[in-house]
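Okay, so chain A shows up in both of these, paired with chain B first and chain C after.
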Partner chain A sequence: MKTIIVACGGGIATSQTVAVKLTTLLDDRGLLSEVNIEAININSIPTYLTSADVYVSIAQHGEEVYDIPTFNGVSFLTGIGASEEFEKILTALHLN
Partner chain B sequence: MSASLLTEDCVRVGVHATDRTDLLARLSADLIAAGIARPTFTQALLDREARYPTGLPTRAIAVAIPHCDVEHVIRSAISVTRLAEPIPFHEMGANDRTVQVSLVIVMALSDKTSQLTTLQSLIGMLSDEARLNDMKNAPDAHHLFSIINEQISSPLAARP
Partner chain C sequence: MDLLKTIFQGLIDLGPSVFLAIILSVIGIAFRMKPTRAISAGLTLGVALAGISLVVDYMVTNVGAAAEAFVDNTGVSLTALDMGWPPALGLAWGWQFAFLMFPIQIVVNLVMLTFRWTSCLNVDMWNVGNKVLTAFLVYYVSGIVWLGFAVATLQAIFELKNADATRYRLQKLTGIPGVSMPHPMFLSGIWLYPLVKLLDKIIPATWNVDAQKLRSKIGIFAENHVMGFIIGCLIGAVGGYGLSATLTLGIQAATALTLFPLVAKLFTTALTPVSEAATNFTKKRFHDREFTIGLDWPVMAGRSEHWLVMILTIPVLMLYAMILPGNTVLPFGGLMNICLVVPLFYLTMGNFVKMLIGTIVGIPMQLYVATYFAPYFTSLAKSSGDVSTPEGQMLAWFGMDISELRYIAAEAVQLTPVGIVLALATIGLGFYYFRGIARDDQRIRGELEGSHVPA
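== the complex of A and B ==
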């Protein structure tokens, strides 16, 4: 099982919406059973880092850079570049 | 039964604002006066927007979705404001970029989960170019309200 974390400033609204969007996209590929998606508050990221394979970011976090593949979550809100970003996530998870 | 997230009196078009702070302070004051938000809401919204900006470079019309933590809200509601002239917001996830925003949707949320389906429908509109065009071109507040209300009242239709 792979884990994607989606984080925004509050762990409310935007990260959860992006998580649902990712769930839909994974479901369309029949990959839902392979991936666990967690919508979290940005302050909780360190707690999840050991278990997460991919981080989908919606909020900039200053100088902080995490040691796992990181992707642009805003594209899933605007729809612009979303399919490209999704393919990159699948590649990082070795699922495509 | 919970009250509707969006009521027609919380939708306005042709609003003038000098900048983001001016606009968000006024929209916050309206939500506080309506008993939706607590007095701390204004500062919380401004602080959150400064730290985690919400401007989105959406198609057709750029949108911002300011929001803050649940403790500043009494009951969940949203307000929708279409501006007469766009004002700059920083871009979500890219604080060094600005986006000229014409549609501001303030999301006052009193808990993290109960309105999630409605929020997903609402935010789902932001990747739908046809809906964004409809919101951009709605002739008045009533039409704008109807477009959004129709979308968030039928969440099952919102699956992208």
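== the complex of A and C ==
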């Protein structure tokens, strides 16, 4: 089981929106049972770093750089470049 | 018409969580979602509302009781428990007319795009809930449903105008081109702008701190369970609880704050498929137009200044709550003051010192507005979530995104002298603000286009 974390201000709205979109994309590929997606509070990232494989960030500018592969979550919100970013995430998780 | 009314009334009489489940399923099917997915989304929304009610009830039972002990022990009358934004906006969905806000927001956006009154395509559907709350509050004070939606429509229009007027500011702060932020809290700029301009004059630009370093030291206090535990223990200790009861209350408070987001994200889960359908519907009509995508504020949340100012001003907030005469709000769920700190971040381009001063200046107003609206939130929790508060206890939301504008709107629609004067002042300040902020934005645009902009 791989874990993707997505973070925003409260772990409620923006991050969960991205999490739902990722869920749908994974479901379409039949990969849903292999990945666990967590929408979390941005202040809780350090707590989740040990258990997460990939971090999908929606606020990379000015953000601390973390030790796990980090991807651009904004593309899932705008729709622009979303499928490319999704492929990159799958590659990082060795799922494609 | 009568039949329709009877059916609608019959649905409402089933109770808010059932009503929501049915209406979202129907909307989903109307947007040509697969029936199973539509029904799943509908049920999730019903679960979200029932779930948030459960957690609010838990908070009232445990933290509310301790707050009463706190009042008895100190004589400071903080009888309205702040539940924070997740339950406040969640409960708003339980209002029977809530779903009308979806088509209204979409039509406003479509019309404004068509006439080129905006270039922002708002895809942030979570904040439809924010306008639902506006409509509810105005309806509650005036008793007129359409007036509620009229004010909410006005809010939707100005959110878009504000997104347009600050798009290069956002690009500079996030490095992302082609996005904008139609979040209502940035309309606080209308009243904050003069203050920020004053601070620009008196605070040297060199006064700033390395927020990231400091935050990595104290960031743990912004985690819900840690913050909840500390504040719970404080309330218990000041309330005269014994050691074990105090620590237990700490855990209970931490539980409430940890569960709020876990439950509230179900609203997002339920509403995302429908909002995606709505967004595609709008996008298709403007495929050949250049527009900005309107996103929620966390695209800026990577910067540490927000969190540092929020954490550092929690003690200030508690102190104000204790000493301000007439304040009845006990800050709890809204301790992290997003609603004031984030707009100040935006207006000062992330200047820590100015944000700190602005927050300390603004908190009293937020507390008084939260006090003013406490009876309405108490009633909303009762009607939407069937949450009963004990005699003399109330629920509130400290922050309320645009506290000052909500208060002014509530007074203005009742045509009170205060409301009329403040509404006129808002119009005046609004002109000043929009002229100034648009000018600032052009200057930032120049800076961005002069230098290389990271794509």
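We take it that the second predicted complex is superposed on the first by the 93 of 96 C-alpha atoms of A that agree within 3 Å, B and C clash if a C-alpha of one lies under 4 Å from a C-alpha of the other, contacts with A are read in each partner's own complex, and residues count from 1 in each chain.
Assume a contact is a pair of C-beta atoms (placed from the backbone, for glycine too) under 8 Å apart; a residue touches a chain by one contact, two chains touch by 3 or more.
In this text, all values refer to a predicted model and were calculated from it rather than measured experimentally.
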- Message: Taking the superposition on A as described, I'd like to know which of chain B and chain C A:68 touches: first, second, both or neither.
- Response: neither
- Item | First (chain B), second (chain C), both or neither touched by A:82 | first
- Of chain B and chain C, which one touches more residues of chain A? C
- Query: Just chain B (first), just chain C (second), both, or neither: which does A:58 touch?
  - Reply: both
- Item | Contacts of A:15 with chain B and chain C, given as first, second, both or neither | second
- Query: Is A:44 touching the first partner chain B, the second partner chain C, both, or neither of them?
  - Reply: second
- Pick out the shared contact residues on chain A: the ones touching chain B in one complex and chain C in the other. 8-14, 16-17, 20-21, 24, 42, 57-60, 74, 77-80
- Task: Please name which positions on chain B make contact with chain A in the complex.
- Result: 48, 51-52, 54, 56-59, 65, 67-70, 91-95, 107, 109, 112, 116, 119-120, 123-124, 126-129, 159-160
- Quick one: which bits of chain A touch chain C in the complex? Just the residue numbers, please. 7-17, 20-21, 24, 39, 41-44, 46-47, 57-64, 74, 77-80
- chain C residues touching chain A in their complex are 85-86, 123, 126-127, 173-176, 178-179, 212, 216, 219-220, 222-224, 261, 264-265, 267-269, 272-273, 276, 283, 293, 295-304, 307, 338, 350
- Of all residues in chain A, which touch chain B in the complex? 8-14, 16-17, 20-21, 24, 42, 57-60, 72-74, 76-80, 82
